[in-house]
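Read from first to last, the chains carry the letters A, B, C and D; within each, the first residue is number 1.
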Amino acid sequence: MSGFNKVINSYEEAMNGLVDGMTIISGGFGLCGIPEHLIKEIKRKGTKELTIASNNCGTDEHGLGLLLSDHQIKKVIASYVGENALFETQMMNGEIEVDLTPQGTLAEKMRAGGAGIPAFYTPTGYGTPVGEGKEVREFNGRKYILEEALQGDFSIAKAWKGDRHGNLIFRRTARNFNPMAITAGKISVVEVEEIVEVGDLDPDQIHLPGIYVDRLIKGTFEKNIEQRTIRSS
Amino acid sequence: MSGFNKVINSYEEAMNGLVDGMTIISGGFGLCGIPEHLIKEIKRKGTKELTIASNNCGTDEHGLGLLLSDHQIKKVIASYVGENALFETQMMNGEIEVDLTPQGTLAEKMRAGGAGIPAFYTPTGYGTPVGEGKEVREFNGRKYILEEALQGDFSIAKAWKGDRHGNLIFRRTARNFNPMAITAGKISVVEVEEIVEVGDLDPDQIHLPGIYVDRLIKGTFEKNIEQRTIRSS
Amino acid sequence: MALTREQLAQRVSKEFKDGYYINLGIGIPTLAANYVPEDMQVVLQSENGILGMGPFPLDEEVDADIINAGKQTVTLIKGASIFSSSDSFAMIRGGHVDLTILGAFEVDCQGNIASYMIPGKLIKGMGGAMDLVSGADNIIVTMTHASKDGVSKLLKECTLPLTGKGCIKRVLTDLALLDIEDGRFVLRERAPGVSVDEIVKLTAGDLEVPKEVPEMIFET
Amino acid sequence: MALTREQLAQRVSKEFKDGYYINLGIGIPTLAANYVPEDMQVVLQSENGILGMGPFPLDEEVDADIINAGKQTVTLIKGASIFSSSDSFAMIRGGHVDLTILGAFEVDCQGNIASYMIPGKLIKGMGGAMDLVSGADNIIVTMTHASKDGVSKLLKECTLPLTGKGCIKRVLTDLALLDIEDGRFVLRERAPGVSVDEIVKLTAGDLEVPKEVPEMIFET
């Protein structure tokens, strides 16, 4: 009766099977809602030649940026690469290949990858460098480009609460790319802040059903803030 | 400061603007989660030549089936037309045009209509009558057909709770097609069981943000059951 | 003897594995849920938006807002989740469901299936069946092997409008369990007391008969 | 006098209408949120997944899980909702946001906009900007009219890689408010004390100057 117990107990086990050259789809936006320890485990393993699909590539000190210093990343598929000096340098030097992808297109490509949609048309990027080499088609007098789905060998993500079956709830804007990223990986690994009992989550309020989750691990998070902006009273 | 108050008080106002020949996208699955009173209002208005996109067309006595007796419907886009004798008769006689659409394709067409995706590829229906006349394309060695998005002049739907801003929560399987239907209508009208105060719904638990809702009305529902199946202890 | 509905359901349930997410069609597939072995856990998906569908409710538990894809009132198990139709078919089309079991009017040895209409006679619509057969790798069709008049439903080529093309690999009929491989049916098991000859006679599509075709065994 | 950042924000806010859902880009657009008239309510969308973004938090309210698209800590207003990035861009691409305000390096009189990279110098990425400009009907670009050296950023044809093609209809610079119509800029308003001649000189793209070009009025 262990078929639906997705909980594992070590980060080593969490990233078991990851080898050089694989594609990883990661949740997170900036440093918000990122799978902190899964990224650290990838750094520890030293896996190389990785292709990473993620909205950003972290900062020099945190998140996916950690994988840059040991040159573990071959290619990044991202919408935004600012706030990361090392990344910009490696990109300018041609050490890393970068596929700049509009944020909404990236999110939709991940969703499509998990949803059995191999490709879709979008207005985003038509007539720009993003549209170069892509099919253009007109629907109702407007032009759109064809974008293909994205799938990964692994997906790594962070949620707030999860139960043993892998049912997940995200918290605030830490949701971001996490749900779609999870659906698009052949093996999906999720870090959560809290593991709750099966049945504790209201079926109507589960953000992502457990069917998408292969491995679940409880972590303790730093939650670094990139831009701490406050108002005075 | 009334910009975000979507609540209206009469069904007449709810369907104001609906005229002959329009396309309506409706939520609901069988008789579960259907906008009972909005349908009755359309019957009362007697609007004709309607195109209806909905998973089913109700039964002879309930739901969208009510619009059949006065011949208000010109065309139905649905995945299932069983359990409705009058519908089957009108369809066989050619009084109603029917575009049989696979359930998942119908749901995705509505989502695409609301999401600015004009068309997508799907494996569903390839090599079947559904695929006839549609573009076939191969991705990674598999064949897919092109399906276009669906949009309506109106969408009608039913939710459980809603606040004045139109933020919605659905209950159990009464969710079904309702969220996507709402996003795909130029004017979206939603019936709810309860109107709650703005701020009462947890931002993380809102199923559909109020931006998609134009008109909100409180109703009292019959909730007819098609197949009352029970077990004995 | 042809299998009873219960035996069909029982045999289907032997395809279940611990940890499987399963979509069961209306009828015999649904019955199979009664035969899940005690040391095994499976979770049922209902395409109208449930993962973790439970049995029919007690009389006092009936909730009009909780139905399955056949519009029957059902319950939710602990750990169930609810989602929209587009999310449900994203799950199905995306290949996340481990096993799909559904009925058919006809199948053929090319793996085609016809299950949703009989032109001029019956138009119910495909519902979610077309998505289910194109989304799943692992599909079992349950059906009667032939009509009451002895007309085979396991054909060389389907005569009715197709629900899916080249997607069926395993068929369980009231007479036999067959795989579809390389453009032909392969007879794997026969119903107790049903001879290979009888099956051969009632199978119109190309059929390979291995040397050994064991009888199905049912505990009483 | 060229408009100050505050005046730019103030002028932008005059495009707000009661009941508008608005996406504000980083910088001056964000500042505009401070100038919503008291008798008006607008709701701010942040493309990382908020509808109903509030002001920056008090020191003790800071929550690492609540940030805006600029990665700044923010708050949620009453009635806010949170969603995934795919749902957020479904909302944006689907045209449900009433007004989008964002910055740019260049715009041209064909309605093209360049805002995300300067080859060889600056590659930050487009983030959500490409989706925002293709999803919205109603977009206002806020930018400086020309570089410090007096090189116009309102061009006949953009020189930098485009963010969007033919999608911009209104531009607010530190010198003027302009519409883009039929392949040319049309001067609508000028900053207080800025002459039409000055604007003409600093506009490289085709420019139509109507007889009357009122000065913007700012309450102090």
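The working rule: a contact is a pair of C-beta atoms (placed from the backbone, for glycine too) under 8 Å apart; a residue touches a chain by one contact, two chains touch by 3 or more.
It should be emphasised that the depicted structure is a prediction, and the values quoted were computed from it without experimental measurement.
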Between subunit A and subunit D, the fewest steps along chains that touch one another: 1
Which whole number of Å gives the spacing of the CA centres of subunit C and subunit D? 56
Could you give the separation in Å between the centres of subunit A and subunit C, each centre being the mean of its C-alpha atoms? 36
So how far apart, in whole Å, are subunit B and subunit C when each is placed at the average of its C-alpha atoms? 29
Could you list which residues of subunit B touch at least two other chains? 108, 111, 115-117, 122-123, 171-172, 175, 203-204, 207
Please set out, as single numbers or ranges, the residues of subunit D touching at least two other chains. 76, 82-83, 89-90, 92-93, 134-135
Touching pairs of chains in this structure are A-B, A-C, A-D, B-C, B-D
Name, in rising order, each residue of subunit A that touches subunit B in their complex. 108, 112, 115-123, 137, 139-140, 142, 144, 148, 169-172, 175, 203-205, 207
Subunit B partner contacts - residues on subunit D that touch it in the complex: 17-21, 39-43, 45, 51-52, 76, 78-83, 89-97, 134-135
Where on subunit D is subunit A touching in the complex? 46-50, 55-59, 61-68, 70-74, 76, 82-86, 88-90, 92-93, 112, 116-117, 123-131, 134-135, 161-166
Within the complex, which stretch of subunit A touches subunit C? 1-4, 111, 113-117, 163-165, 167, 183, 198-199, 201, 203-204, 206, 209-212
Taking the complex as given, what residues does subunit B use to touch subunit C? 29-33, 55, 78-83, 88, 91-92, 98, 100, 102-108, 110-111, 122-130, 171-180, 207, 223-233
